[in-house]
Amino acid sequence: MLIILQSGAPDAVLQQVVERIEQLGMQAHVSKGEFRTIVGAIGEENPQLPDLLRSIEGVENVVPIMKPYKLASRDFHHTNSTVTVGSVVFGQGLPVIIAGPCAVEDCQTTRHIAQAVKAGGAQMLRGGAFKPRTNPYSFQGLGEEGLKILRDCREEFGLPVVTEVTDPRNVELVCRYVDMLQVGARNMQNFVLLNEIGQAHKPVLLKRGPSSTVKDWLLSAEYILSGGNNQVVLCERGSRGFEDEMRFTLDVGAIALAKVDTHLPIIVDPSHAAGRRDLVAPLALAGLAAGADGIIVEVHTCPDKAKCDGPQALTEEMFSTMMRQINQLTRAMTAVAS
Amino acid sequence: MLIILQSGAPDAVLQQVVERIEQLGMQAHVSKGEFRTIVGAIGEENPQLPDLLRSIEGVENVVPIMKPYKLASRDFHHTNSTVTVGSVVFGQGLPVIIAGPCAVEDCQTTRHIAQAVKAGGAQMLRGGAFKPRTNPYSFQGLGEEGLKILRDCREEFGLPVVTEVTDPRNVELVCRYVDMLQVGARNMQNFVLLNEIGQAHKPVLLKRGPSSTVKDWLLSAEYILSGGNNQVVLCERGSRGFEDEMRFTLDVGAIALAKVDTHLPIIVDPSHAAGRRDLVAPLALAGLAAGADGIIVEVHTCPDKAKCDGPQALTEEMFSTMMRQINQLTRAMTAVAS
Amino acid sequence: MLIILQSGAPDAVLQQVVERIEQLGMQAHVSKGEFRTIVGAIGEENPQLPDLLRSIEGVENVVPIMKPYKLASRDFHHTNSTVTVGSVVFGQGLPVIIAGPCAVEDCQTTRHIAQAVKAGGAQMLRGGAFKPRTNPYSFQGLGEEGLKILRDCREEFGLPVVTEVTDPRNVELVCRYVDMLQVGARNMQNFVLLNEIGQAHKPVLLKRGPSSTVKDWLLSAEYILSGGNNQVVLCERGSRGFEDEMRFTLDVGAIALAKVDTHLPIIVDPSHAAGRRDLVAPLALAGLAAGADGIIVEVHTCPDKAKCDGPQALTEEMFSTMMRQINQLTRAMTAVAS
Amino acid sequence: MLIILQSGAPDAVLQQVVERIEQLGMQAHVSKGEFRTIVGAIGEENPQLPDLLRSIEGVENVVPIMKPYKLASRDFHHTNSTVTVGSVVFGQGLPVIIAGPCAVEDCQTTRHIAQAVKAGGAQMLRGGAFKPRTNPYSFQGLGEEGLKILRDCREEFGLPVVTEVTDPRNVELVCRYVDMLQVGARNMQNFVLLNEIGQAHKPVLLKRGPSSTVKDWLLSAEYILSGGNNQVVLCERGSRGFEDEMRFTLDVGAIALAKVDTHLPIIVDPSHAAGRRDLVAPLALAGLAAGADGIIVEVHTCPDKAKCDGPQALTEEMFSTMMRQINQLTRAMTAVAS
């Protein structure tokens, strides 16, 4: 960590900085330049130190050198991690395809969709039983009833299932029924929930918050990893932007950047970014081309009757077309890598 | 609600739109123009209808006319609401000043700060016992021990207390110790928490999320109001922007806009927006000038020893200076209004 | 255009709205609903009408139905356009690769780079002679001297050349030396420059501004098209975001959305979005997968001596590797399309 | 400047860094820590150095210490500057009020508005003769005819006039008619125009671009200052955000931050930020409370006939009411300061 003092800061400031550094068990190296005095703090970086030093009047800037996350960092785990969910492996080269309805609406509809996405080439089923909705008067999901439907579909179609958990009190319940827990974008910094999931023995899909940096995202992953659960897959789903003809701005740069900074697998959710089905396929392909290890996509056999997010759901036919494109792309990308 | 069909959409689309509208108990008025066919849906607007209609291939756009929130809307409650917390009333003309440390660190420090902010003119005490921190290795708060310290300070100094609640399982616990519950910006769309707080019998301070529109914010307030708790005060604390010398972009326009759209009181948090103490006073004054009913501000008697957010904490002296400016501003604004 | 009156707006408002519509040669269709009165304006939409109507007290909202651009719109030109620059055709299926230095620094360096990118597979050469720099003390380009170097490279290597024009007084000068004019992101709404370029007989590369919507972008294209120059290629290069480890947020959604809304070819600039060379290749591939018709990329044979934007310049070797990936991707995408 | 090498970077990297620093006439101080090697570059900072160093493989980060602007910086001019336009002085304590129509439409309307704003307390007149419009089919201003109308109003009402210049070829023309040149937000980084204005002998109003940081803004001011024109007044008018019920996000933090970083006067434009007249007054007051030295506001005697931006124009009556609030606020703020 580097601490830059203001030009002309009195010696008392330097002394205070050095003391604070030494109190926290680090060493201080002072370097007095022509324009500025700079102090290097050497040793294990303490997460509170930057703020403590910035609080001192006379300190101009504090520049951390180490990443604030450890278990999520590629510095501590150089090769790519893989995460296994039943028969499916994230991070092994071939993209994982997760598809299904936004919300589980009823048994019959969910079965039809599960059947369709399996036929189209999906390896996992998605579907929400607990739906976080912006509007309190919107459909909020079927709860445990929805979990049962998902479990039944998993058994009938042999597709591992991922579903969102929104309440720390429900983590155990949800774990009983499904194969992978999803943390939604709005809950990326719900640290109470992350702590609870860190204790669970289930793989986790952690979506990026709509105004979170890659650093924030990896710190949220660190919450789960440091709780003891190392089965984390990241998911980019768009950040909040100013374009009013799309819902969110899919940030393929965040995928590429996270691939540099972390060893965890990353997938892409084109549906929530687009908010409209005609843009889903190009965003899915873009995410994969940027390096994503898979996609999670919304499909509905009858989108205009969907209780939730119908405008962004692919029809069966659109899903099949997109899958052909993805397979072709995958073959191309693999050919280059090998 | 207006439904605009694509140019050249076949009659089947029009028929499907009309049916869907009538199924949900509304009436459809069709108007065929030179370039486009437009359908008006008349009656009580159903929150699911826009998405259902947008899902139909051949529908170009759906324009809702009514606001999606009701209890929070000024349409349903024309005059300003007030919210009472002990001896303090939000929304009655004079700004409410809430001050205190970011986190409750220990009894002695908290007492010193409480004494200082009371002397400076604060009417309420703030302080975090459960701290949502981006970094899992940062100080996370004292928990119930912190709540006890806050309660003791309230009794000693006669200042009502507000503190953040982050876990739906702790709502009852926190209610036992403090006078007002705070929902932090990162939890603004933690609907599980909002539902729990909707059941509580305590006033609530609801911060705006860093990438939430005013509409999103008022829908989150609607969660609490529709749960039966109508004691909601809103708080603007900055949205996520691109400027890297400040933490967040304080959005005074959101204050002015919310004043138009809702009857609920609104205060401003200049500390989290600024992230540095030299900008706190101008942001506080700007928020009040834009119409805010009060401020919540971080003060520390020894910022360079603060365990949390020291760089943005005002010193006692800075707090006093700012209070003199606020009092002067208030007198000016009141003189105009009367 | 639909005009929605405020609930309870007096009849005088309706009358004023109808008059204004008729004054501008359109017809007004009034529809009085239970909650709101809505007026449809039928006929050729006047660009000033929305603001005129919004200015009337008692009007709640005005919803345009037609796109505000015409020549750029796919409604007026259903099939994809192509733009030809020498031997190169944009929009014909195969991606066009433009590569070269950020700035033309001297003859020798530019020749080396031109040779390298040609060997690597580029079909066009880029290079700045007039550099818009944020900092007035940074290198601003060689001016006409740089144009001459570009012309010489074009002749030596047979690569058509694109370069940025920043001054309306230089359009003619620049046209004399190069094959395609570039409008930089910061000048996307420099309407004086756009008007001048609209008069020129050269193909144009129009970059998207860092905070411009797709609609703004297409309106800027409309400036050039309506001036008589219909050889416009669009270029996405990232919008301003909050992530501080990358320069801009490459918006692949804007590419996909623009493909729906306009018939013009679109390419992608991964270099300026990334701001660092390790992220350039994934962003290039993502842009192409999203539907872009080509890329423009910065390459330098000696990036650590570059006078401009060295950190984002690809080395020769990185460029070759990326080209192999692009070729593979292109073959895959073409296979699907056919 | 501090250069941080990657962990484990070979000695050749360090050598290359040191060489590059010394080539540019600075001294290098190397400090090898436990985890990282850090090099300090001492001496006059070269604007190209950070990029040159970042381009070297093995360099992790480069941290500039000095601000990149000089003439605009408070480091080089500690006390506040004032800028004089006729009888009006910016930066002298009392806020300067500039008001008038968005565009000069005709002589009669402009005279009425000038009379009204003078009566309401404005000290300067604004009005556009050359209008940069997003849509090429919108009203683009009267050109020189508009300048003449402005000059006549100045003489008739004794109000100095500010108007936008958009074309470097028109700077001289505009200077002949008006008292102050405005650089619009979209032209903040039109460096060709800035250079031309730097040569002019007229005060300048430089608006902040909708996605520009304060640093970018001050660098644009530096273009004008370094050209020899030191009469620069800054103007905040909102940055691009995600809220769709307002046009831009007025960034009062940018005002407060710029006050720390520069000695130049700063005013606020609440009209373009709001985009709707009911929010103009609270934004004006907020800007002044944050420290702005004045406002520029749009007023129209007949907004629903305005050819440009009618929805955000204040009526005469609204302007008078706002002026009473501003006067009261000013008295309060001055009382505190004294």
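Think of it as A, B, C and D in the order they're written, each chain with its own count starting at 1.
We adopt the following convention: contacts are C-beta pairs under 8 Å (C-beta built on N, C-alpha and C of every residue); 3 or more make two chains touch, one makes a residue touch a chain.
Treat the numbers as computed from the prediction; the structure is a model and nothing was measured.
Of the two chain pairs considered here, B-C and A-B, the higher C-beta contact count falls to A-B. Set against the Cα centre of chain C, the chain with the most distant centre is B. Our note on geometry: chain A versus chain C, Cα centroid distance of 31 Å, whole angstroms.
Spacing of chain B relative to chain C, judged by their CA centroids, is 38 angstrom. Separation between the centroids of chain A and chain B, computed from CA atoms only, is 26 Å. Among the residues of chain C, those touching two or more other chains are numbered 211, 239-242, 244.
By the touch criterion stated above, chain A contacts chain C in their complex at residues 211, 213-215, 238-239, 241-246, 249-257, 259-260, 273-274, 278-279, 282-283, 285-291, 324-325, 328-329, 331-333, 335-336.
On the chain D side of its complex with chain C, the touching residues are 16, 20, 47-48, 51-56, 68-69, 132-139, 166-169, 186-187, 189-192, 210-211, 216, 219, 222-223, 226, 239-240, 276, 303-311, 313. Those residues of chain B whose C-beta lies close enough to touch chain C in the complex are 2, 4, 7, 29, 31, 33-36, 38, 40, 42-43, 60-61, 63, 65-66, 75, 240-242, 244.
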